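A short write-up of the structure that comes next.
The chains carry the letters A, B and C, assigned in the order they are written, with residues numbered from 1 in each.
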Amino acid sequence: MTVEAIEATGQGSRIKRARPLETRLRRGREAAIKAVLFLCAFISVVTTLAIIFTLLQETVGFFREVSIVEFLTGTKWTPQISPKHYGILPLLSGTLLVAAGGAIVALPAGLLTAIFLSEYASPWLRSIVKPVLEVLAGIPTVVFGFFALTFVSPQIVQRLFPGTQVFNAASAAIVVGIMIIPLVSSLSEDAMSAVPRSLREGAYALGSNRFEVSVKVVVPAALSGIVASFILAISRAVGETMIVALAAGATPNLTWNPLESVQTMTAYIVQVSLGDTPQGSIEFRTIFAVATALFVMTLAMNVVSQYLLHRFREIYE
Amino acid sequence: MMAEEREQAIQIGQHMAQLSELQGDTEGEPTFGEPVMEMDHLSVWYGGFQALRDITLPLPSRRVTAIIGPSGCGKSTLIRCLNRMNDLIPSFRVEGQVLFEGQDIYARGLDPVDVRRRIGMVFQKPNPFPKSIYENVAFGPRIIGYSGRLDDLVERALRRAALWDEVKDILRRNALTLSGGQQQRLCIARALAIEPEVILMDEPCSALDPVATLKIEDLMRELAESYAIIIVTHNMQQAARVADFTAVMMMAPDRAGQMVEFGRTRQIFTNPRDKRTEDYITGRFG
Amino acid sequence: MTGSQTTFRARLFARRATAGGFLLLCLLATALAIGVLAVLLVDMTREGIGRLSWDFINSFPSRKPEQAGIKAALFGTLWLMGLTAAFAVPIGIGAALYLEEYASRNWLNRIIQTNIANLAGVPSIVYGILGLALFVRTMSLGRSVLAGSLTMALLVLPIVIIASQEALRAVPSSLREAAYGVGASRWQVVFHQVLPAAMPGILTGIILALSRAIGEAAPLIMIGALAFVPFVPRSPMDGFTVLPIQIFNWASRPQAAFGKDAAAAIIVLLAVLLSMNAIAIILRNRFQSRSRG
């Protein structure tokens, strides 16, 4: 089983053969290293479990005092003013209003930009536009929020619709949309570049022009990848905090009018933590309940998006 | 067509006769002696697919042995079994034995790392590390824990690989700046540096030009004085030029690889015993 | 035949018109992104450049906007970046090494992989809540830089892992084979050959992750990083603030003068981010040229 050791000869430069102890030490070291690396990877699992546990623990306590029916269907959210109401719909409508507005801005613009980059643009043009999109993607959301409050709201929304307050869902929604354009654009472009050239070439050979190839061949072929990018972007818009905290408003408001001031779920959470609400009180517990709703929504969207991407990659890879 | 193939076989036979005179053996035949490695009823599966069936093959020490056969018959799989490189593939399963100095290298508890330090490998496409020439050769000894004078060892390995004169002034330069043939010789030096007993070469010249190829074939004959050289090649003329012994493999109808014949190269090419060998050599298929 | 010819020509014209209109639409969409970026940068610069001065960088926040500065926020950001990197980089690279070089394809490893992809999409404020419950309260780290950096490390971990995995995947398998062929153990192959070869991509991923962390405010607000911090952290257990929170605080105030402070702080933040990205590009080019010889 073991290999004999050959002692170093007089020349002093022969290589010794491994002794069994050396081998066993090496095997032990390798196993230890693998275990450490596994722990590093496992931390991600622990993180998810910790998030779920943290949210659930406080949320369960919350629902002992507040009925879940009221939470899910109530139309008033006033946990800090008497009489106390705990209906999440105003916050939910605020979130959805901003997310929908952002989607109206970002999905067409992002997809068109992606089509342009993927099907039309020359390499030179692409080398200019792509870094610009990367810079846009890297701008902190608090900067976008400030931009929404000091530029978009007064110079755009209030000019177009005089009489609007400075805090309104529209300015937040527009800027949220701009923030997620790079996400839609880069993921859609990835999906479109995975479509094989032969598909395009076949269409060109039949006499189609670039528009027809892009819209009638490439986009349908890349559709699940594109839809995945849409869902991911909307999920990002739902989870966005700083833009809405600065520009959308601070009072819950159940409305579909984007010109009104609204409060989103994320902005509410920030508001409570900035305040003096005592920890352990039911008012403080509301942030966990709202956060759980937020987490469930974004998780569902991300899972669907991952599934679509997975299916898309299976077809093309 | 048949006349051409006959011509080819006769040519190879004449070539062999010339070679054996040059080799200077009294009878003109290379001797065998104790095998340094032996495959004993070796069968290999990748998942459900059987790649090799019941291979039995002795491998002589200090000789060049060539493994030839049509593409897809499992030559690469075979040679990779000799240093347990196939272990890196998750679905790999093996039955039978591969003996090195009398011990089965697939024995339970034997670390493939130890095996690969005695049995080196040179690959089809030269793959030097993206580091300096010196670092490439020094890497093996370093990780073994060699504590002697690395400079001497590097020089010795590069000399044995017939590369020292070309690179002795540029040892710190990145290995990827060398030509294809030089890179392959560097890979040979890298394998030599850990002083194995056996050197496996998986189609080492298929990515090189004819001049580089000839240099490496000369090197193989030199190295065979101290090491057992096992090479896989799809080029029959190369096997005829370089190898003392030749093993012929074929693909069975179920695509498993089988050993068909093994013997002295001259005998294989001039007087094959198995009809399948004769068919392959004369180009009737494969 | 003339009838179908005119129909064909009419249809051709309509097709060409739609194609041209569509191209116009695409150009407008692309121009939108570029235009907005330009407007944003110009607007911020206009607002804040007047306030930008050495005093501004060297002062603490104050109730008077003309005297307020970002010293505390800047140092807090630096502290936070350093500690976050110290946690996220080794763990992230370690996890990526495990997933790419060691893990077999079983159910546990697939769960880990999907889980990481999902974590990348969790809103940052949820990480803040986790940090609050776990680091601030349960581990009693209080509202310290340590708690903040642990929270941010968890936030950026998926980014580091995914980017590192991609970098490791790009290393050709011939390199690994060559190293195994010389008798290297798995860790020796990974540490001496694969990891150095993947370094440019991994470094880019790290800088990407840190750029994201620098701009985040929501999770840190959750764990209690305040905005009125008149001191610089001296130890990981000290309280702290960061640039984005300082910006948020000033931006929420009604006085126009605080708006200028916010804009000036934004300029500083963007400058820091830009230099980080420039470093990433330089490092990537330097590594690539070295490995080509």
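Assume a contact is a pair of C-beta atoms (placed from the backbone, for glycine too) under 8 Å apart; a residue touches a chain by one contact, two chains touch by 3 or more.
Keep in mind the model is a prediction, meaning the values are calculated, not measured.
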item: Interface with the most contact pairs, given as the two chains involved; value: A-C
item: Chain whose mean Cα position lies farthest from subunit A; value: B
item: CA centroid of subunit A to CA centroid of subunit C, Å; value: 13
item: Subunit B and subunit C, separation of their C-alpha mean positions in angstrom; value: 50
item: Residues of subunit C engaged with two or more neighbouring chains; value: 185
item: Residue list for subunit B, restricted to those that touch at least two other chains; value: 113-114, 117, 144, 194
item: Touching two or more other chains - residue numbers and ranges from subunit A; value: 26
item: Contact set on subunit A toward subunit B in their complex; value: 1, 3, 8, 12-15, 17-18, 22-23, 26-27
item: Subunit A to subunit C touching residues, read off their complex; value: 26, 29-30, 33-34, 36-45, 47-48, 50-51, 54-55, 58, 108-110, 112-113, 115-117, 120, 129, 132-136, 138-147, 149-151, 178, 181-182, 185, 209-212, 214-215, 232, 235-236, 238-242, 245-246, 266, 269-270, 273-274, 279, 287-288, 291, 294-295, 298-299, 301-303, 305-306
item: Residues of subunit C that touch subunit B when the two form their complex; value: 104-105, 174-185, 188, 192-193, 197, 290-293
item: List of subunit B residues in touch with subunit A within their complex; value: 103, 107, 109-111, 113-114, 117-118, 141, 144-146, 148-149, 152-153, 156, 194-195
item: Subunit C contact footprint on subunit B (complex, rising order); value: 83, 85, 88, 90, 113-114, 116-117, 120-123, 125, 127-130, 139-140, 143-144, 173-177, 187, 190-191, 193-194
